[in-house]
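Listed next: structures, encoded as structure tokens.
Across the two complexes that follow, chain A remains constant while its partner is chain B and subsequently chain C.
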Partner chain A sequence: MSENVLTLDGVCKSYPGFDLRNVSLALPRGYIMGFVGPNGAGKTTTIRLIMDLARPDSGRITLLGQRMAANEIEVKQRIGYVPENHEFYSDMTVSWTAQFVGRQYPTWNETRFWELLHRYNVDPRKKIGALSKGTKAKLAMALALAHRPELLILDEPTSGLDPVVRRELLSDLVEFVADGDRSVLFSTHITSDLERVADYITFIVDGRVAASDEREAMLERARASNPTASIEDLLWTYAKGGH
Partner chain B sequence: MFHLANTAKFDMCHHTPPYLVIRVMQYAGDPLPSIRQLASQLIASVITTKRAYSELEAEGLIVTRAGLGTFVADLDPKTIMGLKKEVVMEHLEEGVRVARQLELVDEEINRLFRQALDGSEKRV
Partner chain C sequence: MLSLIWKDFYINRSQLVFPAIVLCAIALLAAMGRSSQASAEYAVPLLFTYSGLMVPFFALNSAMLEEKNRTLAFLRSLPMRADAIVASKFVSPLLVGALWAGASVLAALIMEAGAGESAVSIMSGVLLVCATLPVAAIELVVFFRFGASAARTALVITVGTVYLVPLLAQGLVAKVKPLVMAMMDPEPVHAVLFAGGSLLLYFAGMLLAQAIFRRREV
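Up next, the complex of A and B:
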């Protein structure tokens, strides 16, 4: 039943001064995985490897049952990717951007996009450069959701957002996976994001996966020794090198 | 009505989620939303919600009928009163725990409890 939409198997990548070592994780279809770690732990590097924006030195990445390299365009069309820094043209308007992005996806749903835009209260006539950080994040989400991807990959989607927008975004993620066919991987260093919505959590510390499992199962184990253990406590323990 | 505003604090793994209990108490026999629908309504994870349902089912508060969905069990008034007390007691115990930690004497805790009772809006 639980087919994985994303698996990483022993993925390694070396950069001068930074090593990603033996990263393995598996995200089953229909669920949300939080990818959490301190700043500089390797979250963005891992996501860039998943999106084929960099190549691993060794290890294997499977997306929607296939290797990205084998079928790049098709795989990318079935994925919604929101990088940490949204790369839009700042001189262009929101609606121009939507047309530009929409053309790349055969499953693009114009009606859905306008619904989301309306709900997020984003003015389509505004230029990208005039949008606040929160509004830009909402636009990026609307763009990613409007082509109904099977897998949504978000790099720090909540960082710098106010609590109201953050809650809205988390709510949209849960709604997104509600039909059981769609999955989300999102990285964050804000553990409270995960307390609510993450089904699975992968902790990454210093380029290595410290733990990857169902959130409830991890918390249950931690609570055997500390009855009030939270995700933040777990992250703290892993970051300090304890297990 | 159950209170969505309180759901942020729910730890469904450790305490039976009060909103569900309250719902169970008020709407005996009613159909419950699917796990994924409820998770979406509450902004909670699917697995957490699934666990909450299993717990409630194990306690006999809800029943799943194959192909039809999940329903609130038909409970007798005595069981319902017991559940209400259980939920309230959990909160009271938490208050007492904090008070003891702050080294308040029982007399003082009692006085605070009365004060809280008097201060809150009375219901009939």
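Up next, the complex of A and C:
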């Protein structure tokens, strides 16, 4: 069994009208985990807790073998994060933003960043405010990948992207984990993305983890009763309270 | 933290351009020998007004931009300490105040040379900048606790209070007047004590804001 790069153990968080209950999951090094659930299930809240943008009421989160609170800078330098809403300074240009972000990472690779920007067809002279949602997502992805993180955490990275870029981005994820040393956690509600790239899947429904396992093992179990079962079918079953 | 300070300067650069132009124009006119007592009478209130506005408005603008762009979460996701984000928001306006104070002292010296007599106590402009530090500290503490709109309200209330209280409390006017007069031409010891006290309050505000922001979810 390989080392886990991300572990959540009994994480709980309450907001008025929403509770995240006892969320536990483990992502082994070198794999891609899809974090899937309906809208409002708690995907973004969980990711915000992982990134220390919110504090859990209870439970334990370990990233790259360390707790974020104790080693905030070191852990964040080894993580690439793409949030659901891409928040940059709207009056600044793409290249200024890259310079600013690049200064925060000792492993920042300028050549790699420009390569990605070129591949995603993002104009570096443009101001952030003039970019579409999809282009901002591509910029966020380039920023997250350019410092060669060990763990990539993506919150709905493919929403708002056209099918061509979405496919490109997904193949980038596969390429990213190819050396067996890097891992990805990405949340989505687009189940076809998971079919394409996820090694592990965690289903979250109504603030609790409904299931978390290897994709193939899950599908195999489901196909024992329904030979054509897909990830979408599994999500449907869990969302309706089934097992 | 240097990159955060530089970022604040760069993003808010438009706010610094006009005061810098005014200051350069005043100094240039004085240097060309066109400064007279009459023009100094215009220039001095202008310098004083800007001295009172630079620090709190730079801090407010910086806070408003973070909120408008929703970039506090972006900064928190980068490998930097929450304390550094807060510290940069306090240090940048302080540097702006120091730069402004230095530049206006220079402009005042040039004016003095042009007019041939002392138009203004140089120290009083610097003290005015120091006097705005606690106001900016209150504003930034409120920003990190409640957001930019509340910070703007806090600025309006604080400045309003500073002006209104002595006016409303008639009995205070007589007591405040000597203080104002003393500020216009301060003793060096008083100036140092006042500046030190203001800085102390400012840094106390920074520590409070850091404690607030460390616990705040963004």
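Assume the second predicted complex is superposed on the first by the 242 of 243 C-alpha atoms of A that agree within 3 Å, B and C clash if a C-alpha of one lies under 4 Å from a C-alpha of the other, contacts with A are read in each partner's own complex, and residues count from 1 in each chain.
Note that in this section a residue touches a chain if its C-beta (ideal position, glycine included) is under 8 Å from a C-beta of that chain, and two chains touch if they have at least 3 such contacts.
Computed from a predicted model, the values in this text were never measured in an experiment.
Q: Identify whether chain B and chain C fit side by side or clash on chain A in the overlaid structures.
A: fit
Q: Classify the contacts of A:77 with the two partner chains as first (chain B alone), second (chain C alone), both, or neither.
A: second
Q: Using the superposition on chain A described above, determine whether A:170 touches chain B (first), chain C (second), both, or neither.
A: First partner only.
Q: For A:100, select first, second, both or neither according to whether it touches chain B, chain C, the two together, or no partner.
A: After superposing on A, A:100 lies in contact with chain C but is clear of chain B.
Q: Applying the document's definition of touch, where does A:89 land relative to chain B and chain C: first, second, both, or neither?
A: In the superposition, A:89 contacts chain C only.
Q: In the superposed arrangement, does A:58 touch chain B (first), chain C (second), both or neither?
A: neither
Q: Under the stated touch criterion, which partner chain does A:132 make contact with: chain B (first), chain C (second), both, or neither?
A: neither
Q: For A:226, using the defined touch cut-off, is the partner it touches chain B, chain C, both, or neither? Pick first, second, both or neither.
A: Neither partner.
Q: Least CA distance chain B-chain C after superposition, rounded to whole Å?
A: Minimum C-alpha separation, chain B to chain C, in the superposed model is 28 Å.
Q: Would you pull the chain B residues touching chain A in the complex into a rising list?
A: It comes out as residues 8, 13-14, 36-37, 39-40, 43-48, 51.
Q: Going by the contact rule set out above, which residues of chain C touch chain A in the complex?
A: These residues of chain C touch chain A: 3, 7, 10-11, 65, 68-71, 73-74, 76-81, 215, 217-218.
Q: Where on chain A does chain B make contact in their complex?
A: Residue list for chain A touching chain B: 30-32, 167, 170-171, 174-175, 177-180, 196-200, 214-216, 219-220, 223.
Q: With touch defined as at the start, can you tell me which chain A residues reach chain C in the complex?
A: Touch residues, chain A against chain C: 48, 51-55, 72-74, 76-77, 81, 83, 85, 87-92, 96, 100-101, 103-105.
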